[in-house]
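Dropping the structures in below, format is structure tokens.
First subunit A sits with subunit B, and in the next complex the same chain sits with subunit C.
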Partner chain A sequence: MSSTEKSQELLSELHVAYIKSLDTRRDDLEYWLTEHLRLSGVYWGLTALDLLNNVDALDREEVVKYVVSCQHENGGFGAHLRHDPHILYTLYAVQILVIEDAIDAVDIEKIVEYVSSLQDPTTGSFAGDEWGEIDTRFSYSALSCLSLLKRLDAVDVNKAIDFIMKCKNFDGGFGSTPGAESHAGQIFCCVGALAIVNSLHLVDADLLGWWLCERQLKNGGLNGRPEKLEDVCYSWWVLSALSILGRLHWINKDKLIEFVLAAQDPESGGIADRPGDVVDVFHTLFGIAGLSLLGYPGLKPVDPVYCLPKHVVQRIGLAERYHV
Partner chain B sequence: SDLKRSHNSALSLSTVRHEFDKKFAMHGRKRVKPSTEAERQRKEKEAVKIKEYSDLVAACLNKKNSKTFDTEAFNYATKILSQNPDFYTIWNFRRNTLLYGLLKDAETDQKQEAFSNELVFLQALFQLNPKSYWIFNHRRWCLENMPYPDWQRELELVGKILELDSRNFHGWDYRRYVTSKLSMKIADADDENNNNSAESLTESEFNFTTTKINQNFSNYSAWHQRSKLLPSLFQEKNMTEDEKKALIDKEFDLVKSAIYTDPDDQSAWLYHLWLVGREIRHISVLGAYFDPKERGIVLSFDDEIGMISPFLVSHGSGNNNGKVQGDWRPSGGIFKHDQLNSDRLYGFVWIFTPTEDISNSSTLTVTIDPSSIVPSHSESHLMQTVKKPVINILNTDNIAASSENYASIHSNNVVAGSLIVPAPEILSTITQERTELLKREISVIKELLDLEPDSKWCLQTLVNLLNELKYASLLESNEANLLNNEIVSCCDRLIKIDSFRITRFEDLHLSHNKLKSMSFLANLINLREVNLESNLISRIDGIRELRFLKEVNLKNNLISTFETVHDGLLVDDKMVSSSRGDQEKLKIHLAGNPIIAANISSEFH
Partner chain C sequence: MSSIENFIDQPIWDDVEPIPQDDGPDPLAPIAYSHDYSRAMDLFRAITRKKELSERALKLTETIIELNPAHYTVWNYRQQILTAIDYDLNEELNFVDSCAEQNPKNYQVWHHRQIVVDKLNDSSRELPFINGILDDDSKNYHAWSYRQWIIKRFNLWKGELTFVSSLLEKDVRNNSAWNQRYFYIFNNPEEVTEGIINSEIEYAIEKIRLTPHNISPWNYIKGVIEKSGKSIEILENICKELQNADIRSPHLLGSLVDIYENRARAGSNKDKQEAIKICTLLADEHDIIRKKYWEYRKHAIAAY
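The block that comes next holds the complex of A and B.
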């Protein structure tokens, strides 16, 4: 098969092999320079594998053991052994354990304590860690994490919503902090967070849906904000937000599928940010998750709010919080 | 000093980092298939670097774990971060090394020098990593901890950053941070001239966005920033309505230049729509009465609403008396799977069943808090500026319904864009002014459309403005109908021009009207009149059993047949039912419906 023919379909087996090979690249300097992405990489890889019906390709016990080793005394998780705790990695840890159905392997109360300690009681915002960076990404991380643990009671949800709404912009989108420009990644975080706490009615679905569907460029790919390049990861951030808002049908699905498939590496597997570029596990997950949302055959359905396989979300007993 | 040496070595290492960065960024790297020999050589070179780097990290983390905050530790951190500025744990350690080690008992000028060197170090790193959160985080930390931070210099620095890349959101975020620090400093320093100084900062920032926009009309980030600064300007300068209007007119002029220069650029168009603003759609209570059989209150809206929190029901008139305990539920088993929130029920008609004895109350009152309602369309905004309707319902079997059976949740206010209260209103709330504004802008857009007939942004904006015009004016149904036709024809053109978004345009011509069916009225047994003008109703339905119904306004709908009201008598544009014996004849207004256009009247007598 020529490489152009190959890009018409999802090369599932190759992607599974690619993900399995990630931890074996210890003779690449890059492997060592990206230690701060280790736990994230496990989440991205594991979720992709589950969507590809191959969750067992990574050894469950090893995965759980690794995640547990990243937890600190204060309940938070770091990116890797000896990396400091941060809310982002705390969410990844919980997501991984939930997929592996092993949440009892860790101290849940401690996690709840850690996450809730990061909320500013005045503004409702969440910091990333003790150093105080504020960003709506962290609002999403907190609410998603606590929702998965069924402990949303531990934070002031109304204040959290207030802060998110302060980040709403003239175009219906959301930024990282009050005053910040709308960006698809932040929009996913804010819309996802609002969905989790039953407050999607605060979103201008028509206006934001319009802004989001205008992210689709002539080549079928999606960008993250006006005048930027298309990128497979935006195919997730934009798509999931559209899906939550019930407006997934506002983009051209076929062209987007074509774009994602063309970004695959037909020889070594994995998906890149755009056709012809170097692949990585981050774009591999978001490409596959995007395809799942678009109904690509052979993939497990993904939950657009939690970015986890739907069956996992259902297993925990969380209600569907988005437009069907 | 040790710190200086450490920084210098970092700077030379950063050129080495540059190569790594190009290779290892997660975006924009071309896939290359190197030969086996090239691969072998690469791995050989990297093996050395891997050993060096791992040893360095191990040494640094050992210092960290033993809480050894000395110069050696600091130097390790410098070397690591020069190669890998995303290693956030090392940034944390670096800060602790400064706080608890090197600057622990330092004099003020020592601290100032150390932090100044940090800023130089960060600047070098920034050149290679202009989009790293961690670098900006550390910079902020330095400025917040140094004895004499120079915020003015930071402002100049961020000006340069935005010159390199005017869309770098880290830059814009940092600029907002720096200007907020500057304005606090000005406020502190100069209490008397407080307003003036702080004002000028907002103004100068506003002018900065003007400069950016004039350099490049497609600078979305600048337009966005402007959307934040404009309301601040209004507030700070305590502008009169006329002054505001003058400033807004200047904004419209700026937008006009932008859209004429590049009609394909979305920034100016979205800013334009925000300037024009959107009228809040109101939801009306169609009817409310006490149903003796249900022994409960029946309430009907003209939108399928969700209830966030239950409406307050109280004894007597007004809502100062005791609350009536009971439960609300939507009637007709309306639980739609395609709602945004699957655990919230939606319905046109809501029934309240008291769980206590109400036989001693001759009147009950329902108070509807607008913020407790979720509309079915996000276009129908939640109305913060709305009056709370209080509905008095006679608790009696005698359905001599009062004229207070109808209440409307209205808003007269226009909120520009989707600014959430407490943002100040930008435009006046007078309807006529609004209509004039809309008509003026519609003609501007139409002029451009003549020049650029295939401009999709032009067409989309026109659709939005035409919809606003429909809502802004109290239009006779014919005018509304004409506007609807124009909207539909724009959507048809858009479907041809912008095929990716066909389904959105198809949704567009339906989404601005709410009702497609009137069958829910069947629940409102005491209904006397109802206004269903300008909806999408295609069948007259649900009113057969309503004994008290006198008048139905169905102007500007989609009714094309009379199949459900066979004994009707069509007189001009009204149909009058003759079958109700002693009761008053039912009048149904049908102007603006296809059936009138089709002139079917001759078939009836």
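The block that comes next holds the complex of A and C.
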């Protein structure tokens, strides 16, 4: 198939096959060089499979066993066996276990202890791990994780909100730290975190909504900052934030769907960052999740706050209380 | 790669029993990947198990990081070694320099550097280092965040406005530089006077005139207006000027909508009609892809 020929439909079966194939590539150096993405890879793959109505394509028992093996004494999870604990992987672990309805397989209290230990009592920010890197991505990870565990009471939520609001910029967006440039990925984290703690009233939804829909380029794709290239993953970061703000319809859906579908690999499945590039499981999930938000037929609905299938979020009783 | 190969196969490792990869339930899968990486990781597992914090362990982390710079666990261990053996942190910066050059978008490299420089308590190498990275990619998010930290931590505000202006001279569409400009104006220790605000507004207007389709100076000027409590109506002259020159940038027309909406809210029917007219133009002609946004604005204004 020529690279200019566009895939007009979602190649669901190919994507399922692609995700299933990921764990069988152990002869590739690439497989080993991405060890630090193994647990995240399982989350990306499993969530995509569930949205594609194929959650059973990965063996549940094996998945749960693997996740459990990544937990450390202190309650946190590493990216893989013997990788250090970090808040990002702790969230991925909890997300996977919630999808598999297996949260009881781990010590929840330990996770809560780990996550709350990472909050700075003065600023309310969260560190990624004991090394102290600060980023609103970690604020989201912490609040999302504790919310999924129904233990938001374990941290100072008001201070966490204060920190996130310090990262709000003059253009209505949010950055990684106070003063850092607005970036769609960070905006998802901040808006998602505020949604989780019922604080969306602090967001200027019209101003931010404008900034977000301004990310759509003529080719239909979305970029993450002004004057940057479009990328399929922003179909998630931008769209989820717009959806939480009740302004998803401000972008042109048909053009975006066309852009995401054109980034599929029509031979081996998977979705790339943009048409013609090599696919990976990260972009495969965010392409599919974006299509789900856009109401693409045949996909299960995705929850824009937790980036989990909606039925999972509903099963654990987290209501949609976040729309402004 | 030959130097790496030599190092990990040297006799200095003879006392270490390498621990092979245990990758879960399928141990029979043949491991055919690179000898270098596999051997280095086997040694790493062995030395971390016995918590060895030594020169050779430091060198080993260097080997692995060169092969796989995103392996954050190895970076963490390296930090522990640095402290334990009281390693020369200026030497360490030489290592980080070369890592960052090859992997300028790697989270670990930047945070590692931050910890080292914080301990070293010396910022003399930092701005030249960051400038080098920004020379290659003037929008590198990590470099800008780190730059803000360095400036605050070591009080390096002097010269920052000149630096930002020079970047905007080179590329007026560099949104990161506009963001840094705002960061500088409202965070440097100097009081933000009326004179500074006016000169920033003048500066942005001049850049808008240069590139009316460029969203960054529009966002910037609106940010400054909002922060300083001025009225959006100070943009009317530049908008009219560009409009008369037949420029139809969505940002220019959108700003006119803001201005007219402001007056419509205060009761002016003429401005209300004008705002609605421009929203229609934007939705149907000049910014069709965001049609729904402009229709939303139109309905909101019509309700006044």
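Just so we're on the same page, the second predicted complex is superposed on the first by the 314 of 324 C-alpha atoms of A that agree within 3 Å, B and C clash if a C-alpha of one lies under 4 Å from a C-alpha of the other, contacts with A are read in each partner's own complex, and residues count from 1 in each chain.
Note that a contact is a pair of C-beta atoms (placed from the backbone, for glycine too) under 8 Å apart; a residue touches a chain by one contact, two chains touch by 3 or more.
Bear in mind the structure is a predicted one, so any value in this text is a computation, not a measurement.
With subunit A as the common reference for superposition, the partners subunit B and subunit C occupy clashing space. By the document's definition of touching, of the two partners only subunit B reaches A:280; subunit C does not.
In the superposition on chain A, A:198 makes contact with subunit B only, not with subunit C.
Judged by the touch definition given at the top, the superposed model places A:170 against both subunit B and subunit C. In the superposed model, A:65 makes contact with subunit C only, not with subunit B. Contacts of A:296 after superposition: neither subunit B nor subunit C is touched. Counting the residues of subunit A touched by each of subunit B and subunit C gives the higher count for B.
Within the three-chain overlay, subunit B meets subunit C in a clash at only one of the listed stretches 22-30, 328-336 or 490-498, and that stretch is 490-498.
Under the contact criterion defined above, the residues of subunit A that touch both subunit B in one complex and subunit C in the other are 27-29, 32-33, 35-36, 78-79, 82-84, 86, 129, 131, 133, 169-171, 175-177, 179-183, 209-211, 213-214, 216, 225-228, 247, 249-252, 255. By the touch criterion stated above, subunit B contacts subunit A in their complex at residues 20, 23-24, 26-31, 33, 43, 46-47, 49-50, 53-54, 57, 61, 64-65, 83-84, 86-89, 92, 95, 133, 137, 141, 167, 169, 172-173, 176, 218, 220-221, 224-225, 227-228, 266-267, 270-271, 274, 306, 308, 337-344, 374-375, 377-379, 382, 417-420, 460, 499-501, 503-504, 507, 511. Looking at the complex, you find that subunit A touches subunit B at residues 27-30, 32-36, 78-79, 82-84, 86, 129, 131, 133, 165, 168-172, 175-177, 179-183, 195, 198, 200-207, 209-211, 213-214, 216, 225-228, 231, 245-247, 249-252, 255, 265, 267, 272-273, 276-280, 282-283, 319-324. Residues 21-26, 29-34, 37-38, 41, 45, 48, 67-68, 70-73, 76, 79, 107, 111, 114-115, 139, 141, 144-145, 148-149, 173-176, 179-180, 182-183, 187, 214-216, 219-220, 222-224, 226-227, 289-293, 296 of subunit C touch subunit A in their complex.
Residue ranges on subunit A touching subunit C, taken from their complex, read 26-29, 31-33, 35-37, 62, 65-66, 69, 78-79, 81-84, 86, 129, 131-133, 169-171, 175-177, 179-183, 209-211, 213-214, 216, 218, 225-228, 247, 249-252, 255.
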